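Labels for the chains are A, B, C and D, by order of writing; each one numbers its residues from 1.
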Amino acid sequence: MTEFRGIIPPVLTPFDAAGRVDLASLDRLVDHLVDAGVDGLFALGSSGQVAYLTDAERDEVVARTVARAAGRVPVVVGTADLTAPRVIEQARRAEAAGASGVVVTAPLYALNDAAEVGRHFRMVADAVGVPVLAYDVPVRVHAKLGLDLLLELGRDGVIAGVKDSSGDDVGFRRLVAANVAAGRPLSVLSGHEVVLDGIFLLGADGGVPGLANVDPAGYVRLWRAAQAGDWVAARAEQDRLARLFEIAFVPKGRSGDAGGIGAFKAAVALLGVIDAPAMPAPLQGLTDAETAAIRTILVEVGLLP
Amino acid sequence: MTEFRGIIPPVLTPFDAAGRVDLASLDRLVDHLVDAGVDGLFALGSSGQVAYLTDAERDEVVARTVARAAGRVPVVVGTADLTAPRVIEQARRAEAAGASGVVVTAPLYALNDAAEVGRHFRMVADAVGVPVLAYDVPVRVHAKLGLDLLLELGRDGVIAGVKDSSGDDVGFRRLVAANVAAGRPLSVLSGHEVVLDGIFLLGADGGVPGLANVDPAGYVRLWRAAQAGDWVAARAEQDRLARLFEIAFVPKGRSGDAGGIGAFKAAVALLGVIDAPAMPAPLQGLTDAETAAIRTILVEVGLLP
Amino acid sequence: MTEFRGIIPPVLTPFDAAGRVDLASLDRLVDHLVDAGVDGLFALGSSGQVAYLTDAERDEVVARTVARAAGRVPVVVGTADLTAPRVIEQARRAEAAGASGVVVTAPLYALNDAAEVGRHFRMVADAVGVPVLAYDVPVRVHAKLGLDLLLELGRDGVIAGVKDSSGDDVGFRRLVAANVAAGRPLSVLSGHEVVLDGIFLLGADGGVPGLANVDPAGYVRLWRAAQAGDWVAARAEQDRLARLFEIAFVPKGRSGDAGGIGAFKAAVALLGVIDAPAMPAPLQGLTDAETAAIRTILVEVGLLP
Amino acid sequence: MTEFRGIIPPVLTPFDAAGRVDLASLDRLVDHLVDAGVDGLFALGSSGQVAYLTDAERDEVVARTVARAAGRVPVVVGTADLTAPRVIEQARRAEAAGASGVVVTAPLYALNDAAEVGRHFRMVADAVGVPVLAYDVPVRVHAKLGLDLLLELGRDGVIAGVKDSSGDDVGFRRLVAANVAAGRPLSVLSGHEVVLDGIFLLGADGGVPGLANVDPAGYVRLWRAAQAGDWVAARAEQDRLARLFEIAFVPKGRSGDAGGIGAFKAAVALLGVIDAPAMPAPLQGLTDAETAAIRTILVEVGLLP
């Protein structure tokens, strides 16, 4: 079984001005990440704007990402859909396209209790041959995956890991500790861009930061410093990345999807990695003034001259 | 354009013990509703467990419902999916299968502002040839459709109506009043089972109560009493239906999807309309004790001898 | 025991420009309400800005309200404070000042379960000699009083009634029905300004609308029409009052406390009942433009020439 | 001006079996904390059950804590009440009793916007002569203090620090970074028991952990290791304290106030520091089985033989 460990960026999905997925830009983004030394790729995550992609577009993105990664790193794939019967269809297509694992949230739209959520994950795991990672993102799913449920699913071999984007740092440390006590059935990963030094200090297995699209080398340095026990270096790198993360706060009065991911795309385009910061409708791109403010931050942290 | 007015039940989706959609039971349920005098059918709503159906199952349900309704009443169809690009695919398939309208929520999983939600509805309306009804169900979508947005979409001809399941009675009256002031561009419908007498008193255009699967004739009587201005009769019928609605509170400690819809299915099965109260996995059916308690209520309100 | 029934306005607390309670204006407001035929007064409610008053100011308001009411109608008094030991002190002072009942919310700041909330109400009821009314206002207290708890407290004689400002219309109808089935231990009152026709149709015992400060005669007419079974008249009056309630939406981008209560105060000042629409710090009064827009609505509904 | 830095435990308020504040136990608890080397005391915090204390009891606790601390460490005092006019009265009494600072939340019960919350803090700061610390505890106050507001209040000298119990780790790091960039006007303290190693790594000025009532020496060791840059030792101590924090999860199905604080009190009583783990009504103490499970954890982490 693939081990999920280290820096695994949720890959942005580039679009062209006509609203089509820009596969050439995606190729360059994959290289940008892999060449920087990341440990895996997460396609079709929230940063990949999975919610805005049709099934055909999802398939296209996965196939291209897997092809371009070319075995250099594993590619895990998001399966955002409403409930298990539909998620299974997403997961099987991802597996067929070469995914090394699938990333699954609790049901959407449905009103379920913890036992039902547990069976949801079991149904998906039973239906595919690759590992399942649970994705805990209450700001989108509007429910938190509980510690007891995650551990039970880990011990039973249903899930191989957790991507935590819950912002519940107390719960995260309890999860890491309980996972260690249970013999480490889970890879416990954090999606939070600016607290990974402390997260690695407490023993997490890796990070899935959207901001790593912009500065994958920085996150790789942070991870390697932490692995080496050089916490002063880890903190300094995290502080620099936290300054970089301020690009996400440049857009004011924007929705969550337009502001943060819009800023990531603008930055990656400014770096020349992707052709354009285009957003899928009904989202709109950033203004010139916002883009200029993002450029200023890129200069400040040394990513642009 | 079809006018959406009166009692339009969100039709349950029957399953068999093997977890397949039970089309023969669906036929009988459609007849049960249409024969009672309802004014339309809403397939693939929350009560229809749309979230748990694959696209193939959704198509099967719509085709069969339209065929069985056979033009006796219009059939509107839910399109639950994440964002406009995906909802459009659902809506086009529904239109192709004969839907008289499509029912659309705000985006799921996405983090959008009101302007983006407005463009979401415009994208869907532009893509189909049948009317779009907005479905306001914050308990599932985790966002409320605002009064100003709904009116704007109504005046611009983007949406033809609103199904309100928000539980915001103050907002609902303001919507009805503002709609009247704007020349009634919208059909304003309520999804709340137990307050329709007051809702009709204040001028709503109809109701979409899940409980109408169990007692369509009762809701038709309530609507007709209200239309006739006989508020004493309307209230008496609503009180009887509110007693019947207590079936939804029989299951204790159940999830929202297992308890309420489970109770409706149990009741309709007890009435002999559908073969079985089977639930799609990962939901589980009610216990024998719960079913017995539901039977008692059906007897109390005169639906069973 | 006093019966709580009919229209019981939550009385605004007038201030002067120096930030002191304006007792002369309070006298005129009390007369404005009592002369219009209201059935009781609720001092120190949310509309009375109880949260912004020191204990000394609260005592002053209660004493003056009771004195001015002079037995013409009962005066119930809010006791907003954190937990039972502190609420008891508030309640005893209110009782000593002549309150006919005290209005009590669930604890604030505390993190309690239903059993603890139940004991909270029992502690207060044991400590005072006047009836206790439960005040269910989740938007401020951030917890909902459950149906089972309210009924239990009613049957045990702990509380004499409920002021519901929860916006949960389904729960409200269930409460009214369950209260009737239990022999009517509770007076069930609604705080919602614009849905009282339907609320009275379904059998509520009265209303506690903040807007009644502006148009007490309108609410008295609404109540009396409902009592007479003239639902057409009740609805027409409610529609007029709903138009009047639009004053609460005139202030844009204001906090809940500044906008709604600010609008009520502006209107009552425009009517000449109180001297000034002054707000306690840190709240600020409305702008001239907002006040002018409120005046326009007062003219439209016939309250100003 | 007193600098707020290091470990500042929120002191539990001991009660006797009759429900009175147990001042002799409070003396011993103060010594337990001060003797362990803590840097300050926070009386009348959430862990001190401030919400359940009358004004007379609050005065008693503050006077005794200040007397017993006897200048060895500063004592800051909580002022939980609804709005500024009432908080000012609490703050003035605390100052008169010898508080070195007052701890102030955003308003309770009120519905305020950020500008009003800002003026709320300014009103309190203007009314007292000791520093004001902002207390950000959304789980109780139901509003988050924003980064911009806190910085503005810091730069203007309105507040001297922040106790963050928001669980928003991303926001916390941004606050620390922005505070450094602004010249450190604020002492930025965290209330979270189990993530202080990472919190100190990112540069926080101290911690206010309720669990420090149980093991003040452990938290002092953690702080000093962090100050010395020994992150391996800091993490090891935090891991031990995280195991100890599992006492808070021993009580199952309890309210937030009964479970967590009940566990802290039970532990401190088991250690012999206070006479009894009594809780103020309507809260109830833990069961013998729960207490036994807590004892087991105390043994595991080396606090009991």
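Keep in mind that, in the parts below, a contact is a pair of C-beta atoms (placed from the backbone, for glycine too) under 8 Å apart; a residue touches a chain by one contact, two chains touch by 3 or more.
Predicted model only: the values in this text are computed from it and were never measured.
I need the common contact partners of chain A and chain D, sorted by label.
Looking at chain D and chain A together, no chain touches each of them.
Call it same or different for chain C and chain D: same when shared residue numbers make up over half of all numbers used at their interface.
Shared-number fraction above one half, so same.
Of all chains present, which has the mean Cα position farthest from that of chain A?
Result for the farthest chain: C.
Out of B-C, C-D or A-D, which pair touches the same way A-B does, with over half the contact pairs the same?
Most of the A-B contacts reappear at C-D.
Take the average of all CA coordinates in chain A, do the same for chain C, and state the distance between these two points in whole angstrom.
Chain A and chain C have C-alpha centres separated by 49 Å.
Quick check: how many Å separate the C-alpha centres of chain B and chain C?
Whole-Å distance between the two chain centres: 35.
Using the touch rule from the top, collect the residues of chain A that touch chain D in their complex.
Touching chain D from chain A are residues 167-170, 173-174, 177, 192-195, 197-199, 201-202, 229, 231-232, 235, 238-239, 242-243.
Write out the stretch or stretches of chain A touching chain B in their complex.
46, 50-55, 57, 80-86, 89, 107-113, 116-120, 122-123, 139-142, 254-258, 280-283
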